[in-house]
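Okay, got some structures for you below.
Shared between the two complexes below is chain A, which has chain B as its partner in the first and chain C in the second.
For the complex of A and B:
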């Protein structure tokens, strides 16, 4: 039986095969980041999660695969160093304290970069006090939060409340796998925008840019 | 729940599980017992999370998800339902010791009962 491209990618991640995984992505006919993230990276990592849940692979396999996926994302989608940061809009991305699932928000960060934003990506588990301190100094227009495990959800309220109250009034985006399954609105209290998938973030970004353009007209 | 000692309660729940089915020792050994303690710590942690989020769905979904995983390891849904029953017993024993009614206990019990009911319908449909 023929296997899907996402499954092929999942296998390369699980084999720890960095070189082949890179080559495989570069060979894809559509090199648009959104398409690659949506159709290949995300389903490949979901498959790996399912294999782990079904006890078909171990934690070690899953960690190896995550490492390869992380490497491929960093290698393929790096920001060019000569780009000027002047007048760029700024966005920062982090996972709530305790949250280790950072690949999704890494992809979101990459989408923002592709759209011309200057970004800071903080990876897994960032305690609120440090997120606040960094945001206070850097003054990003957008702060993206990610949460994937229910255990880590109770702190969401505090993050949203504290970050939304920053003097420069950033927009707070909330994403992660829990947003697909649950209504997180009660924990966001109208102070943040819930993003359920990659397409929604793209749509939000387009609308944001459009509003900006209209505001200057 | 002023002094709500999860470790002690988990220990008591595990005792009850092994008392009810002594063959578990032969089948899964000491490793199984350690796993049982670990699982029960997760049950309590999930109860606490659902309580903090004020939404029992988080615990019920966890129960359904966990049941699926446990079945792959050859554990029956009934075993998980018994486990939840024992948590209720231990919580109520704990409640008796306190002078005032503890809302956390009643909410936990409610979530556990809901989860048992959902697992029951799963068993019945097989």
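For the complex of A and C:
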């Protein structure tokens, strides 16, 4: 039986074969980040989660696969440092304190970069006080939060409330695995926008850009 | 009896209700846990359910427990069924994985500080250096029986490893009676270089049955080659010119 491309990628991650994984991604006919993330990276990592649930791999294997995936993402989608950063819209991304599932938000960060945003990516587990301090100084228009663990939901409420109240009134985006399973609205409390998947981010981004253009007309 | 077991253990019925628990299990688990489901993190429930129908033998799987003072505790769970009842043992494995997690975190930090443009340049440079090494010790067949290997530049271990690979391959493919190594264009020779050079000469001697010959030795090289206690399996000749004259005369001899 032929295996899907996502499954092939999942196997390469589990083998720790970063060189082959890089080559495999570069060979894909559609090099659009969104397509790669949606059709390859995300399903590959979900498959790895399923393998754990089926007792076929251990947490240690999962960690290795995560590390390799992280490396491949960094290697393929690094922003060039000499790009001018003037007049760019700014967005920062972080996982709530205690959250270690950072690959999703790393991909979101990458989508924003591709669309010409200047971003700050804080990765896993950023305490609220640091997030606030950074946002207060840097004044991003958008702050993206990721939550994957039910236990962290009460914390989400604090993050959203505190960050939405910043003087420059940033838009708060809330994403992560839980958004598909639970209704997070009670935790977001009308102060943030719930993003369920990559397509929704793209849609939101396009609308955001359109609104800005209209506002200037 | 079960309460004195040295590991966290529970006995459940087929509905998952906990009937008995060892004192270690009491220490580990949430006091309010009445069923086996209560003991597990929600994300592990699906996994747990796969083992809740009686089966033969015992099975082990990884899952996250809801421990008394930790919301997640990664454990190896072993379970076996005895009629209507199941015996379950929890062995926390968080500690082993913790080391791994710390390593991963280090890598992640390293990754975020890596400039990949530089990284790629470095890789390209390493490739070029290797190519340079290959070109620094070309194996040149002068005649069917004679080969000539000039060593260019400084001789170090990595260059000699590259040169050795090529030289052995070429010497194997040809039928050379005499192989000359020329040091005329050689700069410094460091200790690793001397070591690898002598290894190469020895290997070529085994393959050819005859020692290789070295020409073009400068006074500096003589000191460097002699500095390390190596028993050189070679003959020394003065220069390529002398060698060629000698060989050409031998070559002419039968005609005369």
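FYI, the second predicted complex is superposed on the first by the 217 of 217 C-alpha atoms of A that agree within 3 Å, B and C clash if a C-alpha of one lies under 4 Å from a C-alpha of the other, contacts with A are read in each partner's own complex, and residues count from 1 in each chain.
The working rule: a contact is a pair of C-beta atoms (placed from the backbone, for glycine too) under 8 Å apart; a residue touches a chain by one contact, two chains touch by 3 or more.
Quick caveat, the model's predicted, so the values are computed rather than measured.
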Clash or fit, chain B versus chain C on superposed chain A: clash
Contacts of A:66 with chain B and chain C, given as first, second, both or neither: second
Which of chain B and chain C A:187 touches, first, second, both or neither: first
Partner chain in contact with A:55 - chain B first, chain C second, else both or neither: both
Chain B versus chain C as contact partner of A:116, first or second or both or neither: neither
First (chain B), second (chain C), both or neither touched by A:74: second
Which of chain B and chain C A:151 touches, first, second, both or neither: both
Partner with the higher number of touched chain A residues, chain C or chain B: C
25-33, 133-141 or 205-213: stretch of chain C that collides with chain B: 25-33
Overlap of the chain B and chain C footprints on chain A, listed as residue numbers: 53-55, 150-151
In the complex, chain C residues that touch chain A: 41-43, 46-47, 50, 61-62, 71-72, 74, 93, 96-97, 100-101, 104, 107-108, 111-112, 114-117
Residues of chain A touching chain C in the complex: 52-55, 58-60, 63, 66-67, 70-71, 74-75, 78, 80-81, 100, 121, 123-124, 149-151
Touching residues on chain A, where the partner in the complex is chain B: 53-55, 150-151, 153-154, 181-182, 186-187
In the complex with chain A, residue positions of chain B that touch it: 45-46, 49-50, 52-55, 57-58, 61-62, 68-69, 72-73
